[in-house]
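Both of the next two complexes hold chain A, though its partner changes from chain B to chain C.
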Partner chain A sequence: MGVILKTNNLVKYYDEKKALDGISIEFETGKIYGFLGPNGSGKTTFLSLCAALLKKYEGEVIVGGLKPGKDTKAFVAYLPDFNYYPGWMRVKDALNFFDDFFEDFDRVKAEKLLADMDLKHDEVIAKLSKGMQARMKLAIVLGRKAKLYLLDEPFDGIDAVTREKIIKIMLSTFSKESTIIVATHHITYVEKLLDSVKFLYKGKVINEFEAEDIRHDKGMTINEYYLEEFRDAETD
Partner chain B sequence: MLKLIKFELKQYTRPIGLSSLTFILSIPLVVNIVMLLADFDRSVMQYANLAYMMYVMLLATDYTFLSSGFLLKHIPISYKKVYLAKLVAHLPAMIITTVSYELLSFVNKAEHYEMGMPRFADLSIYQYPMLFASYIFAFLLIQSNIIDKSAIIPRVIKKLVDIPLLENLVVGIYFVLSISLSGIGMISFGVIFYFAESMSSIETLLITIAAVILSVAVFYLNANLLEKSSKMKGECK
Partner chain C sequence: MIYNDREPIYLQIMNDIKYQIVLGNLKVEERLLSIKEQSQHMGVNPNTIARVYSELEREQIVHKEKGLGTFVTPDESIIMKLKNEIAKENIIRFVARMQKIGICGENMKDMLARYLSEKHNEEKLL
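For the complex of A and B:
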């Protein structure tokens, strides 16, 4: 398995505040990773850098053999943790937008995902409930046949039944030629999905495991391990 | 590029909509007719018409630039192209407002020379690009200093006044400066427009060249700033 994403001593500052503190990490193709840590640990910053949405940093980031930029955006699908669609857009406008600007967008797959999530094409995105917006964002992003998916809190605001449905869809449609990185602090939501986990705290990767190792060797669920690891953690 | 322009056109035609646009443009029309029947001072009305059309242009600018910044950062296209598409897509707004202004002038029976008011129809062939360039210049100033809050001004202020307790003051100063700069942009557009008729061809040509150079410079400055900016609207930390 090749490496799709690699960082070397990655440091990111917001003014004087150090958001990422020397992260050296690798993500292999064909796996679903959990990028786990409490609020303010640097998960969103890390994903934004890899998605080429943040530019200034120290160290090295290599995505699919390239520095993050215009070219990597063609094969990296990033899902932010908020609604990033303009207020006037309807679901069908979002579909058309992705169809127009991403060559890897599979419209049929995206439409099926939207139907599975009970979303209608004529609905105005800004008027959807928080949960429905989360479903819509996820369906559209998963509609891409990207090499790397960066999903930031993908299940925030999504009810348990729909979450199960989405996880089933994700597992059944996951291609071994792609990689998914799920950044979250809701471990129970994503537990079933994960092949590997990386724990982030205060801008540093403090631990990395195969999910099975935690389950078998430590006899714990990932969530139990996470709670033990971060029991005394300070959060923002 | 065509797809980008199409998307940008939707940016302000969709939210405003044809019915709203008709409504926006019909307000001054009705006001003009009523005021004309009431024998109201026509030069005041004409200034009000100009101000209203400026407002409509600003509205279109607002919709073009405010809402899609973060979404467009995801697509595999350089921000310079995105920015250029925004400018091109903005042309119809300019044409609509120009035609509307001319229509209102007609309704108002504006005697421009007596009123000291300009008319687009009286401009020479050289003066159109000058007007357009100065408009773009004003447009870019507004865009960069109101919408992109991570533009150069707040950064410079922060460097000069690096005291945490004064952060609110810094933000306050920034907003005042932003509004002033946008004002300068709009005033420069108005002044050039106002004096256009009395200028010689050489003066017009020189001002056109200067305005084009300034527009291109601001365009590149803005595009670079936006590309490097980490704080576009909606972007998370």
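For the complex of A and C:
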């Protein structure tokens, strides 16, 4: 199986603060990864770098054989954890925007996902509830036929019904030719979704394992194992 | 299906499929859902489902037909064997629980026999 994303001793500073402290990891094609760690551990920074949203860093990032930039954006679908749609935009404007911008955008699929999520084309995004906004952001991003999906906290502000829908949509999007990386602190939601897990703490990868191995070897859920590993970790 | 997130998911799904076969909910030579369908239906990673299907195939409980899908074995003797395995697991669990509360050997057999005959009589009355 090929490696879609690889970093080598990746370091990122914000002024004096070290957000990423020498990350060397690989993500293979055809797998769903959990990228787990407490707030402030560097998950968002890592994903933004891989999505070519942040430019300055030390070390190496290779996405599909390339340095992150314009060319990698064509096959990397990124769901940021903030709202990036301007206030005036309606759902259909977001559709048109993605359709114009990304060659891998599958409009038919995106429209189907939006319909599954009970979203109407004429609704103003900013006026939607938090849960509906989360549904919309995800439906549009998963409407792309990307090689790599970077999903930053897709479950924030989402109720149980929406969560199930989102997981189904993720599974319908995923294929042997793609990779999904989910950064989240809602670990119980993704127990059955993940192939592999990487724990991040203070800008470092402190543990990597296969999800089934933890259940098999330790008789623990991923969440229990996480709590054990991070019991003393400070959260903010 | 309700999962226990402390046990490997593929084992739980394997056991469930075996149970459904023994119950007759999945019939001899019936086609299982495709990996993709099953994955979405259960909300489980497709690689986990793929592992379930290949483990079941290794145990000769299902077989793959190229381009057609995965089917329950036509071999009734394998299903009979499955049924015996599940029965044995139930007995092991029952005996362990009885022993835990200090009921062993002949005593356990007597109690079980008495329960079965009482149950039989009740059913006859109905």
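By our rule, the second predicted complex is superposed on the first by the 234 of 236 C-alpha atoms of A that agree within 3 Å, B and C clash if a C-alpha of one lies under 4 Å from a C-alpha of the other, contacts with A are read in each partner's own complex, and residues count from 1 in each chain.
Rule of thumb we're sticking to: contacts are C-beta pairs under 8 Å (C-beta built on N, C-alpha and C of every residue); 3 or more make two chains touch, one makes a residue touch a chain.
Quick caveat: nothing in here was measured; it's all calculated off a predicted structure.
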**OP:** Could you tell me whether chain B and chain C fit or clash when both sit on chain A in the superposition?
**Re:** fit
Subject >> Touching partner for A:19 - first (chain B), second (chain C), both, neither >> reply: first
**OP:** Report for A:193: first if it touches chain B alone, second if chain C alone, otherwise both or neither.
**Re:** second
Original post:
Centred on chain A, what angle do chain B and chain C make, from Cα centres, as a multiple of 10°?
Top reply: 160
Original post:
First (chain B), second (chain C), both or neither: which does A:159 touch?
Top reply: neither
Original post:
So, A:60: does it touch chain B (first), chain C (second), both, or neither?
Top reply: neither
**OP:** Would you check which partner chain A:78 touches, where first means chain B only, second means chain C only, and both and neither mean what they say?
**Re:** first
Original post:
In the superposed arrangement, which partner chain does A:101 touch: chain B (first), chain C (second), both, or neither?
Top reply: first
**OP:** Note down the smallest distance between any C-alpha of chain B and any C-alpha of chain C in the overlay, whole angstrom.
**Re:** 28
Subject >> For the chain A and chain B complex, residues of the former touching the latter >> reply: 14, 19, 44-45, 48, 51, 53-56, 70-74, 78, 80-82, 84-89, 93, 97, 100-102, 152
**OP:** Mind listing the chain A positions that touch chain C in their complex?
**Re:** 30-32, 164, 167-168, 171-172, 174, 188, 191-195, 211-212, 215-216, 219-224
Original post:
Quick one: in the complex, what on chain C touches chain A?
Top reply: 3, 5-10, 36, 39-40, 42-48
Subject >> chain B to chain A touching residues, read off their complex >> reply: 3, 7, 10-11, 14-15, 67-68, 70-71, 73-78, 227-228, 230, 234-237
